[in-house]
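So, here come the structures, one by one.
Presented sequentially are two complexes of chain A, the first with chain B as partner and the second with chain C.
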Partner chain A sequence: MTTVPQSSPSRRQAARITVNSGLVIFVALYAVIAFLQPNYLEPGLFMNFLRRAAPLVILSCGQLYVILTGGFDLSMGAVATLVVLAASILINGDPETTWAVIGALYAMGIAVGLVNGLVVAFLKVPSIIATLGTMLLVNGLALAWSGGAARGDLPDNFRNLGRLVWRNVPVIGTLPLAALVLTGFVALAWFGLNATVYGKRALAVGDNPRAAELAGTPVAATRILAFVVSAVSAATAGILLGGFSGVSVNAGEGLELQAIAACVIGGAQLLGGRGSVWSAVFGALSLFALFTLLNLLGLPQALRDSIQGLILIAAVGASMWGNRRRT
Partner chain B sequence: MTLRTLLATTVALTFVGQALAQDFNDPAEFKKQREQLSMTPQGPEDQPWAQHLGDGMADTAKYKKEGQVTLCFSNAGVFNPWRVVGLNNLNAEAELHKDRLKELIVVDAEGKDDKQISDIEALVSGGKCDALIVSPNTTAALTPAVEAACAKLPVIVFDRGVNTSCPVTYIHPVGGYGFGITSGEFIASKLKKGDNVLALRIMPGVDVLETRYSAAKNIFDEAGINVVGSEFTGSDRAKTKSAVEDYINRGEKIDAVWMDAGDTATAALEAFEDAGLPYPVISGEDQQDFLRKWQSEKLTAIGPAYPTYQWRTAIIAALDVLDGKQVPGPEWVLPQPAITEDVLTKYIDERMPPLHYSLCGCQELPGYPERWGGKE
Partner chain C sequence: MTAVPALSMTGISKAFPGVRALDDVDFECLPGEVHAICGENGAGKSTLMKILGGSYKPDAGAIHLAGKAVQFTHPRQAAEAGIAIIHQELSLLPHRTVEENIFMGHELARRGILDKVAMRERAAELLRRVGAQIDPQAPVSSLSIALQQVVEIAKALLLDARILVMDEPTAALDERDSRTLLKLVDGLRGEGVSIVYISHRMPEVTAIADRITILKDGRKIWTRPRDAAPISEIVRAMVGRDLKDFYPAVPVSPADEVLLAIEGGMNAGLRDVAFNVRAGEILGVAGLEDSGKGALAQALVGDVPFTSGTVALRGQPIALRTPRQATAAGIGYLPGDRKREGLALRQSVRDNALLTLRSMTGLFTRPQRGALAHDAMDERLRAMDVRAADFGQEVGTLSGGNQQKAIIVRWLAQASDILVFVEPTRGIDIAAKAAIYETMRAFTGSGRGIVVVSSDMPELIGIADRVLVMHQGRISGVVRRGASEEDIMHLALGLADAPSAEAGA
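Right, the complex of A and B next:
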């Protein structure tokens, strides 16, 4: 009983240090950005960078929960879009209703997450298919509800979540509210995986669901909860996106794939079993730094997209290769 | 190897871009539209939708028809807010003529050329229509269908044109060059030589948008104003705001923002707010949200327009033709006013939704404001 843990802490320690390949990539990319544009080293622009990266980082944390349990969640982008459109239609410019509507938005998100989780856990549909289905369903609902065009209006108190910046803050200069939301969400995600039994269950389910089940892990509940966390992250990201730029009918387009890519860049293993919150956080920051860098270089859009694709493949390939060597 | 391919691609793309741009930079058309902008329109004052520029008139005595008539309308689609407002204008205008108009049949092509071609064929062979109104989805593809329809009944075309002179008249405001001239000249008048302007555009390759840009670009080049960038935003607020933030973060000073359409103008302005910078000189369009922002923040701005009131003109023209009255033709060029500082308050209506096009000429029409999504 007590002999096994003796050797494990040191090994896990070693693993945790090597896992943060995302941190290395992030620092490297940010260094290039700072070299090209030295004012990115000022706290103000770094805070702005964090603010704009916040939705992607939050989505990646949610996606990580699902990836750890061996699945994918393709419906996140659609949920984010739904949240933006629903907020604008439900609030319709009336600041009084903001907080009630935010509650309703989370309820919608959780409902989608539950559907995903139940379908995957009980109908045994592969998550990539199940969430592709909910993605189409949710996107369709959002479009039908809004009539395909941005309607309604978001009041300032809703927009502030993604927009408000406190100026003249000691030490850091400016502090965006979105950066606080980001920190809070990452802390909760870390707490869920590292300070509760859930983290170990998720890893066990992702590593070998059969073995986990035989060992008494509640596999279905673990999976369902992962999808709910993912949907909650999508709702949070949607609220920030809507706050940042207002109503947009394709607010969440493509974000689900970016979130998956971010997790993998950060060293999480697709199909489960390995990864930490830091893989999601630094993977997402790396990805966003890459977007920023390509923008700064001022390349034409078409070229930007192809280079982005190349670098993504290279980064993911490198981290997969690293993983394979380690095991 | 890869580097060389990349370079070659970049060079090739640049050239393709330039080759495309040339097609939309026609000096003769630029000059014509510049002249039209300064013409005094003929027709009833305060009703720009019934006015016209120039002298040409088309005789329509042969189309005269007594009693109640049926009008048919083949619409390219209602795929953007501009067309939504326009279609509401058209329906409301039709309601004004209940005594003369038995029925208005509207067919929606959902943005597809082939559907619109078969729509037109069906309307013409159906035999119910006394006159046909067409808002073509694309110019070249719809030309044969319109020609075939001309042989059977009077046809009125508006918004985009067709490559044939067979319609009784083709209704359109001055045009894309005019839009670019109005906005470009305003910005040039507020900036000094060497100042920077950022161009924000919806998408490449669309004639009505490309001509706006080429006209403005000509004016900026003439005035020695530096276009620091031209970004495509796909009409998306998030993309617009990010694009502007990227330019701000690059440390470039942006003195003015030029836009080929105003639906994301407020998003562009927010980027300046969030960076703690003063507002730039800006050209938007006639959308409510932009006008309200302009008023509340006292911007230096202009709102050029591609007025939606031309959708009213289509009904008016069709009924005039069936009355045998002369109509402006072969082109009915409508005046294309811009919203300026001194008339700004007149166009702001707090009841209307943010993306309502204010130069709709619809304030007196039945069902205003609810029909256009406004609050009572």
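Right, the complex of A and C next:
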């Protein structure tokens, strides 16, 4: 049709609204929480909320990289579990080794990410299958290595990453270390997508890999890097989880699906080509606020999964519906 | 003729948010008539046909079929009323057989069980009627695009369509297949089917149409019988101006310095290909479907590389094993299928134009500096006259011509030495075509070269300095500027040794 200027502002506005849909949902949910429990408005409780939400937000940022390039990473939860179990086994009660072990944990995470990326990029295995495979593989290895049950304790200096809270901080009162890790990771994720050319390459690859390849984009490298970032985020989240809840064989269970759901709630498009760091951040905060709300309402834990499923369907359905109406 | 029109659409108007797509358009088609609709992209042709097919509801106006008023709210109703639309993009299921496709959604059954024998006979009969020798049990993916189109037509005939809309049916076909298709259209006209024919190919329109209607900016300009509508009149009505200088003037100085040299290029689709591209030259590549002209383009850009042979750019041997290597070597690619291979449709116009620059620079390059800055790219897009309300809008919302220009800007920004264009003007309007030809000349004018692969022979003759003609994976000859379509056709069919046997190398 003939181009007519007035049609575009509405479209741009629509785009802006989709980007921020996660923020809108988060604010709404948090308002309900605050209505039920007014002390959630205190900085201290909000900081605590951020601390507990940190692993999910970090995982979602990593997952977003993969989603932008048109894939899924189902192995994140398994990597987080592996990190928790490996930390307890390797540190083995000796706080001196903590930092070296953390280095080793990241190396393991990156190795899993590389395997995912190489399998997807070169063997052309659909990512949902490839990462399902690594998920089972990593889970199995972690369980076998730990002997099927959690053993050992994590030393305090390791657990502090997830647990430590500074008190008497000016203005905000308390500041959890995990909130700093969260901010740092989000800033890095933002930097990667917005301050380097990587973000636009990833969007192009997710939108149309064939066109990107013919335009000279290093498609394989772009995909592999996304899986590595995702695995690094899973390792980071695993370290925080170890701090929160100690050693457990199901520390990371189901986190990969929560991270995918979070990205979608925030407005990232499954199968690639659309989304920003804010989709991941606010999507994850919304999902975590929802879990908090369900707890406050006294709903049984098991219903969380059902509700999460419903939300996922509703979010994807809504974005499809929106797409169809626009065309 | 005072027959009741098989189809009459009166006073059709349709507005989309911000766009008046159709404004009080009248259109009719008699039984046994081929009525062509011409217009630039965005003139309203597709909208009019979508209203006819029940995909859109008109804001105003009426549709009568054989004198009876109808209103469609769903494409299925239009199909049941005898309207069949054959789209540019075919809607066949590639892994099913021809007969399964023909009967898709209308399977014959006896007591709840598929009656395969009856369907096979009926399919064979329909295929005979359209004069095609196709095995009803062959999978559709094994057929050429031309034959798939015939299957689409057979499918339409199954439903006893009285009105057949063909949207750019020959866009993907080469010269020979186009002729076959036109013959088929002629046959259907003889059977009393009304055919609405949409095409950008003028010679075709004037050859087949009984009447011609011109749409421009959503309005009908005129409807005339073919004899009263010479091509020049049609073009003027479509663009609202003369296009005397449709093809840009040829530069005076002859090209001499060899820019790109291919020796002994071979792969699955190419046999011993050798030629040069000279600085300042537009080299055309002609050939029928599967002649290897597409394979040649893919080899030059590293998509389906040569398996043997040498390629040298300015005398330096280069490797072209991946598109990325070709891009780095200075070879840019405008693919024939811009939606599938050229564009990331959900990304912005600007992002699509920046794609190659961003892909070839270092990973940690800041995206807003220097040549990567939005302002710099917007400047280039404006210089190329890419028309968009906002370069931040999704490239998928632009017309074909503007999309094509955006891809060209991508390669101009990359400062490529050689551009490989495949069907650069397929399905785009005349004004955009002229602009693209102009750009091609300007590009080669600065000492660089273009290889243009096209099925559109007048285009090759008009724009290229030399034309390589391919046949069965080989270069069967080279013709110079001024050659006729017959010369090229002769070589393309493999009927002769190169008449103007100029050495390609």
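In this section, the second predicted complex is superposed on the first by the 289 of 327 C-alpha atoms of A that agree within 3 Å, B and C clash if a C-alpha of one lies under 4 Å from a C-alpha of the other, contacts with A are read in each partner's own complex, and residues count from 1 in each chain.
The rule we apply is simple: contacts are C-beta pairs under 8 Å (C-beta built on N, C-alpha and C of every residue); 3 or more make two chains touch, one makes a residue touch a chain.
No experiment lies behind these values; they were computed from the predicted model shown.
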Next item on the list: Considering only touches as defined above, state whether A:D207 meets chain B (first), chain C (second), both or neither.
Entry: second
Notebook entry, point to check: Thinking of the overlay built on chain A, is A:N48 touched by chain B (first), by chain C (second), by both, or by neither?
Noted result: first
Item checked: Which superposed partner A:V197 touches (first chain B, second chain C, both, neither) -> second
Margin query: A:N168 in the overlay: touching chain B, chain C, both, or neither? Say first, second, both or neither.
Written below: neither
Notebook entry, point to check: For A:F244, is the partner it touches chain B (first), chain C (second), both, or none of the two (neither)?
Noted result: first
Note to self: Once chain A of both complexes is superposed, is A:D153 in touch with chain B (first), chain C (second), both, or neither?
What the structure shows: first
Check: Who does A:L296 touch here: chain B (first), chain C (second), both, or neither?
Finding: first
Next item on the list: For chain A, give the residues common to its interface with chain B and its interface with chain C.
Entry: none
Check: chain A touches which residues of chain B in the complex?
Finding: 6, 9-10, 13-14, 79-81, 84, 229, 232, 234, 236-238, 240-242, 245-246, 249-251, 266-267, 270, 274-276, 353-355, 373
Check: Once bound in the complex, which stretches of chain C touch chain A?
Finding: 16-21, 42, 44, 47, 217-218, 301, 303, 323-324, 326-328, 333, 335, 340-347, 351-352, 354-356, 358-361, 363-367, 372, 387-390, 392-394, 397-399, 410, 414
Margin query: With touch defined as at the start, can you tell me which chain A residues reach chain B in the complex?
Written below: 37, 39-40, 45, 48, 52, 148-153, 163, 165, 167, 241, 244-251, 292, 295-296, 298-303
Note to self: Per the contact definition, I'd like the list of chain A residues that touch chain C in the complex.
What the structure shows: 1-8, 10-12, 194-201, 203-204, 207-208, 210-218, 269, 273-274
